[in-house]
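Next, two complexes with subunit A in common: one pairs it with subunit B, the other with subunit C.
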Partner chain A sequence: MNRLFYLFTLPWVAGFAGFTAFPLGYAFWLSLTNTDALAPESRFVGAANYAEVLDDGLAGEALVRTLVFTAVTVPASVAGGLLFAVLLQLPVRGRSLYRAVLFLPAVVPPVAGALTFGALFDRDTGAVNVLLERFGVAGPGWTDGPRLPFVIGVLVLWGLGNLMMVSLAALADVPRDLFDAARVDGAGPLRTFTSVTLPLVSPVLLFQVVTGVIAGLQTYLPALVLGSAGAGGSLAALPEGGYFFMAHVYTRYAVAGRFGYASALLWALFVVTLLCAALMLRTTRRHVFTLTSPGGARP
Partner chain B sequence: MTHLLLFLSCALFLAPLLFLALGALESPAEQASPNLLPERPVWGNFVRAFTDADFSERLPTSLLLAGVYAALTTASSACAGYGLARFRAPGSRLVLVLLALTMMIPGVITLLPTYLLFAKLGLVGTYWPWVLWGLGGNSYIVLLFRQFFVSIPREQEESALLDGCGHLRVFWRVVLPQSRPALAASAVLTFAWAWGDWTAPLLLLDADTTTLAVALTTAYAHEPGHTADNLLAAGSLLYTLPVLALFLVAQRYLTAGAYAVRTG
Partner chain C sequence: MGLYGGYVPGFSRRAFLGLGAAAVGGGALGGCSGRRERALTVMTWEGEFDEAARAAAERALGLRVTRIDPDLTRLTAMITAGSPPDVVRAAGALDTPFLVARKLALDLDPYLAASSALSADDLEPIGDVWRFDGVKQGAGPRYGLTKDYSQDAMFWCDAEVFAAADVPLPDAAKPLGHEEWLDLARRLTVRRGGRTRIHGLDVSGQGMFVQLMGATAAEGGSVFSADLARVDFSAPEATAVLGWHLAYMDARVGFSPADPNPDGWPFPAFQARRMAMATAGYWFGALLDDDPALARAAHLMPAPLFGGPRVSPCYSGIGMWIPRACPDPDAAWAFFEWYFGGEPARERAVSGFGLPALKSLRSSLPQGEEFQRRAVAVQEAELPYLTVLSFTPYARSAELEDIVTRVLRKAHAEGLSAGKTADALNTDMNAVLARGRDLVG
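What follows is the complex of A and B.
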C-alpha cells in the first residue's frame, strides 16, 4: 500500500521538487550572490541584496502600490461576485443567460483582456474617452500614467465571473430549511442575508479572499501589456502607474539581468505573501463559520 | 429592480467585447479617429490580422503547447489525486501540506528561477519545458481530482481488486472511465491556462517559435510606438474565440470545484 501511494504521487512530487522547491532554493542561493547576466563571475555577498531591497525606493513604492491595489480590488471583486450570485439565486427570468454573460469575460485570456482594455481606455480613440467627450469632459490619458492601476482594477472586476460561480455553488449548498426557518422567525431579506447566508458561505469567501490576495500581489501581466504598449513596447520604460512589485522584479530580471538582486526581491514578495495569508487566516478564525469539518468541501 | 440591475450589469460586462468587435471592423482611417461605429465593416481586417501575426505558424504552436500541457498535466495530476484519495503512507500528510503550500506561492515567483534552470539545461527555445511542466502536474488540479475521487464510491474498485486486477489496471479501467467530469474540467482549465500564458513563452521562446499570446502583443506594432489597433482587435478576437468555444462546449462539466480552481 505504501508503495502504491509513492507510485501514484511520484510525478507530482518530482514536479514539486523540480519546479517549486528547487527554483525557490535556487533563487534563495542566488539572492545571496551578485549574479548578473553581464558579469561572468558571481560571488557570495551575504545579505547585501536584502539590504538593497530595503533601500530600494522603487521597490517600496511598487510594494505599496501593489498592496493598495490588492486591498481594493480583492474585496470589491469578492463582494461583487457574491452580489451577483445572490441576485441570480432569485427566481428571475433568463437567469441562465445573465449568468453566462457575466461569466463570459472570465474566460477571455489575460493578454486579450489587457489588450481590450488598452483599446477601451485609449486616450484618443477609446470608448471611455469618446463617451466622456459627449458629456463635454476631456478624457485623460488612462494607460500611460498614474491612472493605469485604475484601468487594471476595472479589468480585474470585469473578470469576477469565476468568483460569482463559486459563490453560486456555495449558496446552492445552504440548506433550504434554514431560509424557511428564518422566514418563519420573521427575518426580512436583509436580516436573512446577514444572519444566515453570510455566515454559511463565509468559508468560501475566505478562500476567495486568500487566493485573490495571493494572485493580486503578483499582478504584473496587465501592467506589462498595457504599460509597455504606452511606452512604445519597451519594458524598461513602464509608466509610473504600471510599476507593480512583480513588474519591478520582472524588469530587474529580464531587462537588467540582475539575477541575484531580483531573486532577493522575489523572496521578499514570497515572505510578504505568506505573511498576508497567515494574517488573514489567523484573524478570521473566529469569524468564519464552519458547518462541516475542515477538509470538507474546501480544497 | 433585480432585472434592471442584472440587465445593466450584463450590458456593462459585454461592452468591452462589443467595442473590441466594432474596433476589429474599422478601416485604417477610422481606427485613428474617435468614432465607435465603423461606417462600412472591413472584414478583411481578420485576414490581415491572421497573416500579420503569422497565425499559420503561431496557431499550431499554441495548439500544440496547450494540448501537450493539458494532456500531461491531467494525466499526472489524476494519478497524484488518486494516490492521495485512496492510499496512506508515511509522508502522505506532508504531501497534502506541500500541495496547499504550493498554492500559496505565486506562480511567477518560481517561473523566473525555473527559467534560469531551463537555460542551464539548454532547453530555452525548445518546447520541452511544457512537457516537463505537464509531467509535474499542477497542485490545483491534483486537489480537484482528489476531491472527485473521494466523492465516488469504492465498491467497483474493491470488487475489481478481488477479481485479481492490479491497482494500476483498476485505476485505468475502473476509476478513470467514471471520472469524465473531472477529466474534462481539468483538460479545459489546463488548456486555457497554457493558451493564455504569456510570460513563459515570452521568456523561453523566440519570435520564430513563440505562441499566439506573445505574437499578439508584438505583431501589430508596425512602427515603434504605433500599433494598428483595428488589426490588434481582430487578432485578439481570433485568439480568444477558441477558448470561448471550448468553455461553451465543456460548460456542463465545469463544477464549482473547477471554478474555485480557476480563481487561483
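What follows is the complex of A and C.
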C-alpha cells in the first residue's frame, strides 16, 4: 500500500520539486543579487533588494491599491455568489435557465471578457459613453485613469457565477431537517439564514475568501488587457489605477530588466499572501462552523 | 570585500544564471553552440522575416535557418548559456550604446571592409546609429546594420479633416513652428461631451521619451549630459520642450500619457479619419496603399521646428546585430550580406515601408501614385536634416519611457510646472542611469 501511495504521488512531488520548489528557491537566490537583463556581471547584494522594496514608493502605492481592490472585490464576489445561490433556491419558474445565465460569464475567457469591457468602456468610442452622451452626460475616461479599478471590479463581479455554483453546492449540503426545526422554533427567513444557513456554509465561504484573496493579490491580467493592451500592450502606458502590485513586478522585470529586484518583489508578495492567508484562518477560527462527531472528533 | 555589495570570487554571471538557464532548458534553445550542422538562429519578428524569407535565406546561404521571436528573457538565457542567437533584431538609434556598454555586440567594421556585397560607402547616414565610440553615437566602430528607417519627427496630415475644419493645409516646403503646430491642433480638434471625435495631433506614437529627446535637440539642447550618464531636463531647452508637451496634454488635442491611445499607435485613428495630424515618418505612407481615399488626402510634412536648429532625427533605425559570443560570425555576416544587401533589401525598398538604408536603393522607392510621389519629394527635402542623436548606454529605452509616462501623467493630473516636472524626471531617471552605470562599470 505504501508503494502505491508513493507511486501515485511521485509525479506530483516531482512536479512540485521541479516547477515550484526549484523556481521559488532560484527566485529567492536571484533576489539576493543585482541580476539584470543582459548585464555582463551579477553581484551578491544580500538583502539590499528587500531594503529597496521597503523604500520603493511605487511598490507601496501598488500594494495598497491591490489590498484595497482585494478588500472590496473579494467580499462583494463571495456575498454576491451566495446571494444568487440563495435566490436560485427559491421555487421560481425557469430556475435552471437563470442558473445557466448567471453562470455563463464565468466561462468566458478572462482575456475575452476584458477586451469586451475595454471596448464598452472606451472613452471615445465605447458604448457606455455613447449612452451617457444621449442623456447629456460627458462620459469620463474609464480605462485610462483612476477609474480603471472600478471597471476591473465590475468585470470581476460579472464573473461571480463560479462562486455562485460553489455556494449552491454548499447550500445543497445543508440538512433540510435543520430548516424544518428552525421553522418549528419560530425562526423567520432572515433568522434561519443567519443562524442555520450561514454557519453551515461558512467553511465553503472561508475557502472562497482565502482563494479569492490569493487571486486578488495577484490581480494583473484584467489591468494589463484593459489598461495596457488598450495602449498597444505597452506596459509603460499602464494607467495608475491599474498599476497593481503584480504590474509593478512585471514592469520591473520586463521593462527595467531587473530580474533580481523583481524576484525580491515576488518574494515580498509571497510573504504578504502567506500572512494574509494565515491571518484569515486565524481570525475566522471561532466563526467558521466545523462538523464534529459526538465525541468531539471530526467525522 | 564583504558579501554585501561585493563581488563574489568565482561567481560569474554565466555560472550563476547558467543554473537557471539549464533548468529551464536553456541548452535546448537552439542557439549557436553545440550544433552538428551549420545553422543560423535569427531573433526577429515574423513580420520582418516570414517563412518565405526564412526558406529563401536557407536556399541563398546553404544553412539551416531558424527564426525565433525577440524576447529579452530568452535572449538573456541564451547568452548566459553560451548559445546566443546568431543575429538579433534591435533599434539602432536606441539600443546600440546599451549593447556596446555591455560588451554584447560584435564590431562589424572588419566584416564590412572585407565584404563584396556591402560597402560602407553605400550605407546611408542612418547607418551611423549603429556606431558608438563610448561617449558619442554616430562615431566609432559599427555594431549593426539598419534594414530601413524613417525620420520619425515628421508628420502626416489628413487634408479632408483640415478642409472639414476650414483650416488650410500647411506648406510641405516650409516646416511649422511648434507653437503654430499646437495652435493648428487646437483648431482641428473636435470634441463632443467627454468624447473626442477628431484628434488634432498625435505626438505619442513613437513614445514620449524619444519625442522629448528629438524636440530638445530641435530646441538646441540635449536631454543627456555629455557623458550620457545623466539626464538634465532642467536645462532651458529641455524645460521649454517639457512646457510645450504639458501644454499639448492640457489642450487634450491628441493622445498622451494622460489620454493613452487605445490602439497603441496612431494609424487606426488616422485611417478612421479621426486624426488630423499624426507624427510618423515616411513608412506610414506604405499603409495607405489599400485606402485610395485616405491616400489622396494624406500629406507628409517636414518635422516641426522648435527654437533651435532644424533637425529631423530617426527614433528607431531598426536593424540587427551579431552577438560577440556567436561562434560562427562568418555565417551570421553572410546572412547580413543577404538580408541587408540582397533581394530582401530590394523588396523592402520597393514596398515603401521606410527608406532603404543603402544609397543604391533610394531610387527604388514606390512612386506610382500621386501621394507616393508627393511623399518622396517631401522626404528627399528632409533628408539633409537627418540627425543621429546619442542615446545613453546605461538604460534601456523602455525604462526611461516608463518614467516619462508616469511623471507626465502625474504632472498633468496635478498641474505641475515644467520645472517641477523636470525635477521629477531628473530624480527618477538619474537613479536608473546611476544603477546602469554601476552595472557596466
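Just so we're on the same page, the second predicted complex is superposed on the first by the 289 of 299 C-alpha atoms of A that agree within 3 Å, B and C clash if a C-alpha of one lies under 4 Å from a C-alpha of the other, contacts with A are read in each partner's own complex, and residues count from 1 in each chain.
Quick note on the criterion: a residue touches a chain if its C-beta (ideal position, glycine included) is under 8 Å from a C-beta of that chain, and two chains touch if they have at least 3 such contacts.
Everything numeric in this text was worked out from a predicted model, so none of it was measured.
Of the two partner chains placed by superposition, A:185 touches none, neither subunit B nor subunit C.
When the shared chain is aligned, subunit C comes close enough to touch A:138, but subunit B does not. Residue contacts after overlaying the shared chain place A:112 against subunit B, while subunit C stays out of touching range.
Looking at the superposition, the partner that touches the larger set of subunit A residues, subunit B or subunit C, turns out to be B.
Contacts of A:249 after superposition on the shared chain: subunit B is touched, whereas subunit C is not.
Of the two partner chains placed by superposition, only subunit B is touched by A:263; subunit C is not. In the superposition on chain A, A:7 makes contact with subunit B only, not with subunit C.
Once the two complexes are overlaid on the shared chain, A:129 sits against subunit B and subunit C alike. Applying the stated contact rule after C-alpha superposition, one finds that A:273 touches subunit B and leaves subunit C untouched.
Residues 22, 26, 30, 122, 124-125, 129-130, 133, 229, 232-233, 254, 259 of subunit A lie in contact with subunit B in one complex and with subunit C in the other. Of all residues in subunit A, those touching subunit B in their complex are 1-2, 4-9, 11-16, 18-20, 22-24, 26-27, 30, 84, 87-88, 90, 92-93, 95, 98, 101-102, 104-112, 115-117, 119-120, 122, 124-125, 127, 129-130, 133, 158, 162-163, 165-166, 168-170, 204, 207-208, 211-212, 214-215, 217-218, 220-221, 225, 229, 232-233, 246, 249-250, 253-254, 259, 262-263, 266, 269-270, 273-274, 277, 297, 299. Residues 2-3, 5-7, 9-10, 13-17, 19-20, 23, 31-36, 76-77, 79-80, 82-84, 86-92, 95, 98-99, 102-114, 116-117, 132-133, 135-137, 139-140, 142-144, 147, 167, 171, 192, 195-196, 198-199, 203, 213, 216-218, 221, 224-225, 227, 229, 232-233, 236, 239-240, 243-244, 247, 254-257, 259-264 of subunit B touch subunit A in their complex. Put simply, subunit C touches subunit A in their complex at residues 3-8, 11-13, 16-17, 19-20, 23, 72-73, 75-76, 79, 98-99, 102-104, 192-197, 207, 257-265, 274, 396, 398-399, 401-402, 404-406, 409-410, 432, 439-440.
By the touch rule above, subunit A contacts subunit C in their complex via residues 22, 26, 30, 33-48, 118, 122-125, 129-130, 132-133, 136-141, 143-145, 229-237, 239-240, 251, 254-257, 259.
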